[in-house]
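Lettered A, B, C and D in written order, each chain numbered from 1.
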Amino acid sequence: MINVLYFAWVRERIGLPKEQVETAATTVMDLVEELRAREERYALAFSDLSALRVALDQDLSDFDASLDGVREVAFFPPMTGG
Amino acid sequence: MINVLYFAWVRERIGLPKEQVETAATTVMDLVEELRAREERYALAFSDLSALRVALDQDLSDFDASLDGVREVAFFPPMTGG
Amino acid sequence: MRVVVQEAPFDAGAELNAFAKGDTDIGAVVSFTGVTRDVSGGLARMQIEHYPGMTERALTQICEEACARWALADVLVIHRFGTMEPGDNIMMVATASRHRADAFAAADFLMDYLKSRAPFWKKEVTADGADWVAAKDSDEDALDRWS
Amino acid sequence: MRVVVQEAPFDAGAELNAFAKGDTDIGAVVSFTGVTRDVSGGLARMQIEHYPGMTERALTQICEEACARWALADVLVIHRFGTMEPGDNIMMVATASRHRADAFAAADFLMDYLKSRAPFWKKEVTADGADWVAAKDSDEDALDRWS
């Protein structure tokens, strides 16, 4: 069981800020494929990965990173703070 | 007649902040030579020109600049503001 | 070092005056204040979303990196989230050092990293609707200056 | 643009808050505050002499040069003369711009030029006596960054 968080337009497209996902995915990319296969709104949100960033347990990471031991995955667009 | 101003340690060595000088000097260097010839305290203040700066009518200038039309000459060490 | 993430407005002047106060071995304090900018003249408000937990973690890491790179006596980062009006302060950073070059470089570095590495997202609301602000390639490229 | 040369203390925080106030098309404000630094731990006070008339003229020219080089909405320079205690503010500059890179570069530039081109001279007074602060070659060299 992994907590998956969405922010900014990713949150808006998927329609929720957070969910618990039961998954056997071993990498972020595997998880993305599982989510894409769920529903159109997920496929849309994850259609262009170059427009997305991922954090694993609150550290920026990559889509080919392992999910081993990870409790929290967050997907969001590039940051625009400051 | 030119107003000559001294600042910081130049003022302290010469012993006054300002004086009027009757001179026929055509360049700053000529004026420096006249002042050096006056007294020991002037010779001392002007002994190392690389440690001095000059301003003509309140604009930074050079020792080989002309005094033509100049009303105010100031001598001082490199600035240390900020 | 102080990192603050809050919804409430803050007083940049009061923060500047309180920063590094009483420290007599500093010669230079640099501050940066980010202001809600009404680019097109039609901005009603700006909404800033963030990632609670990761935000504080990312800002702290960026400050620690700045302290490792430059001789800083103190560092401050304040960043708001929630709703802002045009002209409102969004955030500020401040750095204190013995020397001005360190204070300037560290503040510049903090801003570059904070822009692209701290999890904040801005949404501009105008009469025509609301749009997420797109990240600029130039902001990502700015990080190359420090590598 | 505002250039102030005064003997009295100033409130850096109040100046920062008043600076570029009400301007909604700026996104970035950078400030630099110069503080009387007690380098050796024995500073009793600092005395700053200046060249009335030329000082205001030189500072105004430096600000005009900064405005010509970068897109600035506003520029502020305040510099004190007279006697300062350790920890007292000596001076501040502030720049406001749409973009952070312009605000940072202009403030950095103003400081470099002000250090070596505005007619101020510092004297440090300790228990052992008083000494004029020597100009640093590095301050003169810093000007090459902008040529």
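Keep this in mind: a residue touches a chain if its C-beta (ideal position, glycine included) is under 8 Å from a C-beta of that chain, and two chains touch if they have at least 3 such contacts.
If you're wondering where the values come from, they're calculated on a predicted model, not measured in any experiment.
Asks: Are the chains other than subunit D still all joined, and if not, how do they split up?
Replies: A, C | B
Asks: In terms of touching chains, how many steps apart are subunit B and subunit D, taking the shortest path?
Replies: Minimum number of steps from subunit B to subunit D: 1.
Asks: Just how far, in Å, is the C-alpha centre of subunit D from the one of subunit A?
Replies: 48
Asks: In whole angstrom, how far does the Cα centroid of subunit C sit from the Cα centroid of subunit D?
Replies: Chain centres of subunit C and subunit D, defined by C-alpha means, are spaced 23 Å apart.
Asks: Centroid of subunit A to centroid of subunit C, CA atoms only: how many Å?
Replies: Distance between chain centres: 26 Å.
Asks: By residue number and range, which residues of subunit C touch two or more other chains?
Replies: Answer for subunit C, listing residues that touch two or more other chains: 34, 100, 111.
Asks: Identify all positions of subunit B at which a residue touches two or more other chains, and write them in rising order.
Replies: In subunit B, 82 touch at least two other chains.
Asks: Got a list of which chains touch which?
Replies: So the chains that touch one another pair up as A-C, B-D, C-D.
Asks: List the residues on subunit C that touch subunit D in their complex, please.
Replies: Subunit C residues touching subunit D: 11-17, 22-39, 41, 43, 86-87, 98, 100-101, 103-104, 107-108, 111, 142.
Asks: Using the touch definition up top, name the residues of subunit C that touch subunit A in the complex.
Replies: Its residues touching subunit A are 34, 48-51, 53-54, 57-58, 79, 90-91, 111, 114-123, 132-135, 140.
Asks: Which residues of subunit A touch subunit C once you look at their complex with the stated criterion?
Replies: Against subunit C, subunit A makes touches at 5, 7-9, 11, 55, 58-60, 74, 76-82.
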